[in-house]
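The two complexes that follow have chain A in common; it is paired with chain B in the first and with chain C in the second.
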Partner chain A sequence: MILEGLAKTTLLGVEMGMTLVLVTVGLTLIFGMMDVINFAHGSLYMLGAYFGLTLVSVTGNWWLALLAAPLLVGLLGGLIEYFTIRPLYGRNPLYHILLTFGFAILLHGLVTEIWGGQVQNIETPALLSGSVDLVLFSYPLFRVFLLCVSIAVTAALWVAIRRSDFGIVMRASAHDSEMVDALGTDVSRVFTAVFVLGSVLAGLAGVLLGTSQAVDPGMAASVIIQAFAIVVIGGLGSYRGAVVGAFVVGMLNAFGPTFAPQFTDALLYLLMAAVLLVKPAGLFGNPEGA
Partner chain B sequence: MGAKDIIGRHFAAQNQTDVLGGRVRLGLLVAGVIAVLFAPVAKVIHPFWMDLATHMFIFALLALSLDFVFGYAGLLSFGHAAMFGAGGYATALLIQNVTDSALVVLPMAVVAGAVVAALIGWLSVSARGVYFAMLTLAFAQLFYTIAFNDIPATLLGMETVTNGDNGLVGITSLTLFGMDTGSLMSYYYLSLAGLAAMLALVTRLANSPFGRVLQAIRENEDRVAFIGYNVDRYKIIAFTISGGMAGLAGGLWVPFNSTATTSMLHWTTSGELIVMTLLGGMGTLWGPIAGAFLVVFLEDSLSAIGNWEIYLGIVYIVIVIFAPRGLSGIVQTIRTNPNPAVLLSEMRSALATYRQKVFS
Partner chain C sequence: MPSERMSHEKRSIKCSRRKFLAGSGAAVGASLAGCLGGGSGSSESVKIGFVLPFSGTYSFLGESIVNGVKLRLDQQLGGEIDGRTVEYVRQDTGADPSTGASITQEFLQSENVDFLVGPVSSAVAGAMKPEIASAGSAIWLNANAGNYKLVSDNCTKYHFRTSFNTWQTSAPLASFINDNIADNVVLSYANYTFGQQSKNLFREEFEDVGGTIVDEIGAPLGTSDYSSFLQEIENSGADAVFSFFAGSDAVNYIKQFDSFGLGENMTQTGSGFLLSADTLPAQGTGALGMYSLLHYTPTKQTDRNQAFVDAYSTEYDATPNVYACQGYDSGLAAEIAVTEAGGTDTDTMVSGLAGAELDSPRGYLKFKESTHDPVMDMDIRQVVETDDGIQNEVVETLSKVEGPTWGCSL
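On to the complex of A and B.
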């Protein structure tokens, strides 16, 4: 019995952690390259869920929604970066916080206006409903799928950042964007591309979590704080840090309610504050940037 | 050297380049007189206006407290909700359990806000820029979750302290010199007096050498440290003073609203405050007050035609991009150059800069 519960909670923690990676990666990559703290990132995640909701109800095809909704969110993210964040490069980075917070307000208002404030649900596709038997316990099939997709995307991204040409340019821009610019790569395009990438991943997480959990206008505010905690713990700007941070927070979210339901959130913020105080650059951050 | 010494020694105000120059002071005085005369008029038209104005005064006080650290010391606090909530919950608990005398309750609200601010400030000030913002956010959320999960009750073994998600409801009004301030009119004046007193205090502080050091820290904190000032101590003191004001705002808000809820402590409250401060123009003191008036007014009047967040969000985004000095910056441009052509050319150059940055 204990073993079963332990295994199940661990799996839940891994699942929560891996899906949080999708939300967080964009946030940390964007900060690493552009020093932009994107307060609207949670709102992009929320939009992914709402786009998915509408696409499923209109076309009836969940797979199409899974593909199209993140792309739409990516497009929107690109527009936001191009027309509003770009003019602020060179100003005090605090202005990015102020600006993107404006988008968080605006998008919250728009979503409530268009889709209403009630809690909704994206219907699980027939192919993925039901549950699978995992020897010790059974687990909903959709959430196994969720876990697999998250792991696959995280791994693919890891390889892309480490190996692909774009990944190299990206890392170089994070290190010294002026030099990359001088060497003939248009850094501002790289910035836009990274912003779009981060938005697509947030949108993807929105569709997936909107299906396994719920869709409501409050989802942006709750996820963004968790995502901030993750990037702070892992280190602002570090991909590896985001993965580790998400894993830690996922486990905390899974085990907390069983062992210390009242203190789960408090622990999260304490952890966040402790990391900032002891190691402001985070576990894997670049201390020079802090 | 204690905190009192630093403030006291620097209190001998100087007059060159004063914060809030003569004309602004005159404007504020006129606004104050109008506000004093407004209440009886509003009572005749509709009590709703008095209610709205009281709401405005309290949030203006809160925005003023943020401006003192953000606009002057350059500390972007994303945790002012913690001090607002601390003052609010302290007030609620005092009224419920001890006394409803404003002369006891409001000072205690200030103390509650200041203590929380001193704690957060002491831990956070060595972090800079976004890290400071993140730290204050984390601490404020910590207070939020403490109230939301009623952790004090668990720790003290009591049934309830903050009453969790429901908050403390049915808070009665304050009494002042034996008079009940339950009527809207008296509460209106109480809040107005609180705002005016704090504005006077902050203006004096901002114009004192203490305020000048804060401004210098905002401009270049390394240099201030090299000259020999203890930068962290100045920041902590500024943050504590600001927290005391936020606590007072909380203390005024709770009896006015007759509830103390966790939403006071939520990070979105801190965010809303930043919106007010920036819309009005940070570092000007009167700007954030105007910003708070505007936001509260928009919140109230736009909710009739639709979702106010949409309009507020758009206005705010445009201001951040094109007029980072906020409404007060626009007013200042007009005042120094009353010629409409100058304003037009300023707008044109702002647009040109925007175009160049976006499409280059």
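On to the complex of A and C.
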């Protein structure tokens, strides 16, 4: 019974942590590359969920929505970067904060206007409904799928950043964008690509979590707060930091209600404060993070 | 929302036509401005101020309440009560108490409203109360804020609750659960004022009728993943759960309760906001079989409710929810107050409204003389699947539920 509970809570923590990686990683990649704090990240995540909602209700095909909705969000992210963020590079970072915060408000209003303020939900595809028997306990199948997708995406990104040519250019641009530019690579295109990638990841998280959770205009704000806390804990701009931070927060979410039921909502901020006291730059925070 | 936009336009057109017929001769723009509240409340008109959220999370609730009020006063009464033209002013509270207080002040002092309708949030209501009590110049039709402390702490005679109080949406379910479902219950709730009040009032009543509360589990407001809380609920070993969650929290909680298979060993029950007409479509089949308690159920099979549902769906192209019903009842209350008093003198209206019965779609509804809280029928519902989708079916109606007076004696 105790072993069973411990095992289940641990699995919950891993699953919640890996899901949070999916939500957070785009935010940290964009900051790590371009020093842009993207307040609209939560809104892009929300748009992923709403695009998914509409695609599922129109086509009836969840898998198509899983593929198409993130791409649509990526396209929108690309347009936002190209037309509004790009002209502001090199200026005070405050301009980016104001701009993306403006987008967050705008997108919130648009979503409420188009889809309405009531709570909705993407229907779980038949193939992923039900639960699986994991010897000690049974676990919802969709959550197992969510865990697998998150691990796959995290691993693929890790390999891409460390090993691929694009990853090398990315890391080099983050380190010294002028030098990369001088060596004949168009850095602004790299920036756009990274912003699109971050948006696609946010959209993907939106479709996946919009299926296991409620879809409503408040979802953007609730996710962005947790995502920022994770990024601060892990170190702004550090990919490894985001993964570790999300994992720690996942475990905190899983074990909190058991060990500190009255303080669950404070735990995250206590952890954040503690990390900032000991390591002000976050667990893995350094300027060359990516 | 297209339907809501449409209703605004309709009102404006109707309003301007009326002004033209009255031969005011004013320009269209000016007459519209008059309709929208630019003019002062003359003795020949009844002025209603909406103090509601029109932006943010609760905007949907605010619009539903306005729709309900206007269904009664504009569509059914032709925009007149007892020969007096009804005028509206509205301002957006968001979810901010101090905004609510300053809107209230403005409506009372410069707009000279006869009625205030709103708010949605109990925190906003707390900030409005001292303004209304000290001005004494308008009747407050509280169309959603359920906090029982509005009555228990310094109750004011200007406050008429056209909605419900926290006791009514939680405690009366206790004996039903004890008699029909289980004598041991675990509580789960959104950890903020309303959730805490609901679970405390339920606990008191459940222990009074002889049941045992095994454990209580609070989750932060706005939690999106309840899985670890659900594990605690499962570990409690109770045979039933009583919960307070609303909106997206209710959707997340119920969906995850179902996906972790907790329904196999325990019965989910709760305050009606847990399983309402607004959340059921998103909660889906996972909600089947669950019990809840609320004062309004759209599927209720009474002539009065059927007529309301038909009228509302024709006008707004949507099924009415509990907030629309509370709005409609606010409209009814304004109608009775003005008609009984033969005018808009506030103190005369207060005496007329105290103890008055309303023909509410919810069933029996009366303002209790001593508190001005509602005495009303409460429905115990179970979620079932019908040809029209997942819906609540009334399994038992508790008639004329009153609740404590908390020492208030008006």
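Throughout what follows, the second predicted complex is superposed on the first by the 285 of 290 C-alpha atoms of A that agree within 3 Å, B and C clash if a C-alpha of one lies under 4 Å from a C-alpha of the other, contacts with A are read in each partner's own complex, and residues count from 1 in each chain.
Going forward, contacts are C-beta pairs under 8 Å (C-beta built on N, C-alpha and C of every residue); 3 or more make two chains touch, one makes a residue touch a chain.
Here the structure is a predicted model, which is why all the values come from computation and not from measurement.
Undergrad: Does the chain A-based superposition show chain B and chain C clashing or fitting?
TA: clash
Undergrad: Applying the touch criterion given at the start, work out whether A:Q120 contacts chain B, chain C, both or neither, answering first, second, both or neither.
TA: second
Undergrad: Looking at A:G218, would you say it contacts chain B, chain C, both, or neither? Reply first, second, both or neither.
TA: After superposition on chain A, A:G218 lies in contact with chain C alone.
Undergrad: Going by the contact rule set out at the top, does A:M272 touch chain B (first), chain C (second), both, or neither?
TA: In the superposed model, A:M272 contacts chain B only, not chain C.
Undergrad: With the two complexes superposed on chain A, say which partner A:S138 touches: chain B (first), chain C (second), both, or neither.
TA: A:S138 contacts chain C only, not chain B.
Undergrad: Of the partners chain B and chain C, which touch A:G60 in the superposed model: first, second, both, neither?
TA: neither
Undergrad: With both complexes superposed on chain A, which partner does A:T258 reach: first (chain B), second (chain C), both or neither?
TA: A:T258 sits against chain C, while chain B stays out of touch.
Undergrad: Pick one for A:K8: touches chain B only (first), chain C only (second), both, or neither.
TA: Only chain C is touched by A:K8; chain B is not.
Undergrad: Taking the superposition on A as described, I'd like to know which of chain B and chain C A:M16 touches: first, second, both or neither.
TA: second
Undergrad: Which partner does A:F101 reach: the first (chain B), the second (chain C), both, or neither?
TA: first
Undergrad: Stretches 26-34, 44-52, 134-142 or 152-160 of chain B: which one clashes with chain C?
TA: After superposing on chain A, the stretch of chain B hitting chain C is 44-52.
Undergrad: Could you pull out which residues of chain A sit against chain B in one structure and against chain C in the other?
TA: 112-113, 261-262, 265
Undergrad: Taking the complex as given, what residues does chain A use to touch chain C?
TA: Touch residues, chain A against chain C: 5, 8-9, 12, 16, 112-113, 116-121, 123, 131, 138, 140, 142-143, 209, 212-219, 222-223, 253-258, 261-262, 264-265.
Undergrad: Once bound in the complex, which stretches of chain A touch chain B?
TA: 35, 37, 39, 82-84, 86-89, 91-95, 97-99, 101-110, 112-113, 221, 225, 228-229, 232, 236, 261-263, 265-266, 269-270, 272-273, 276-277, 280, 290
Undergrad: Quick check on the complex: what are the chain B residues that touch chain A?
TA: Checking each residue of chain B against chain A gives 76, 78, 123, 127, 129-131, 133-135, 137-139, 141-142, 145-146, 148-151, 154, 267-268, 271, 274-275, 278, 306-314, 316-317, 320-321, 324, 353-354, 357-358.
Undergrad: Can you check the complex and tell me which residues of chain C touch chain A?
TA: 1, 57, 59-60, 191, 217-220, 222, 224-225, 227-229, 231-232, 235, 247-252, 255-256, 259-261, 278-279, 281-284
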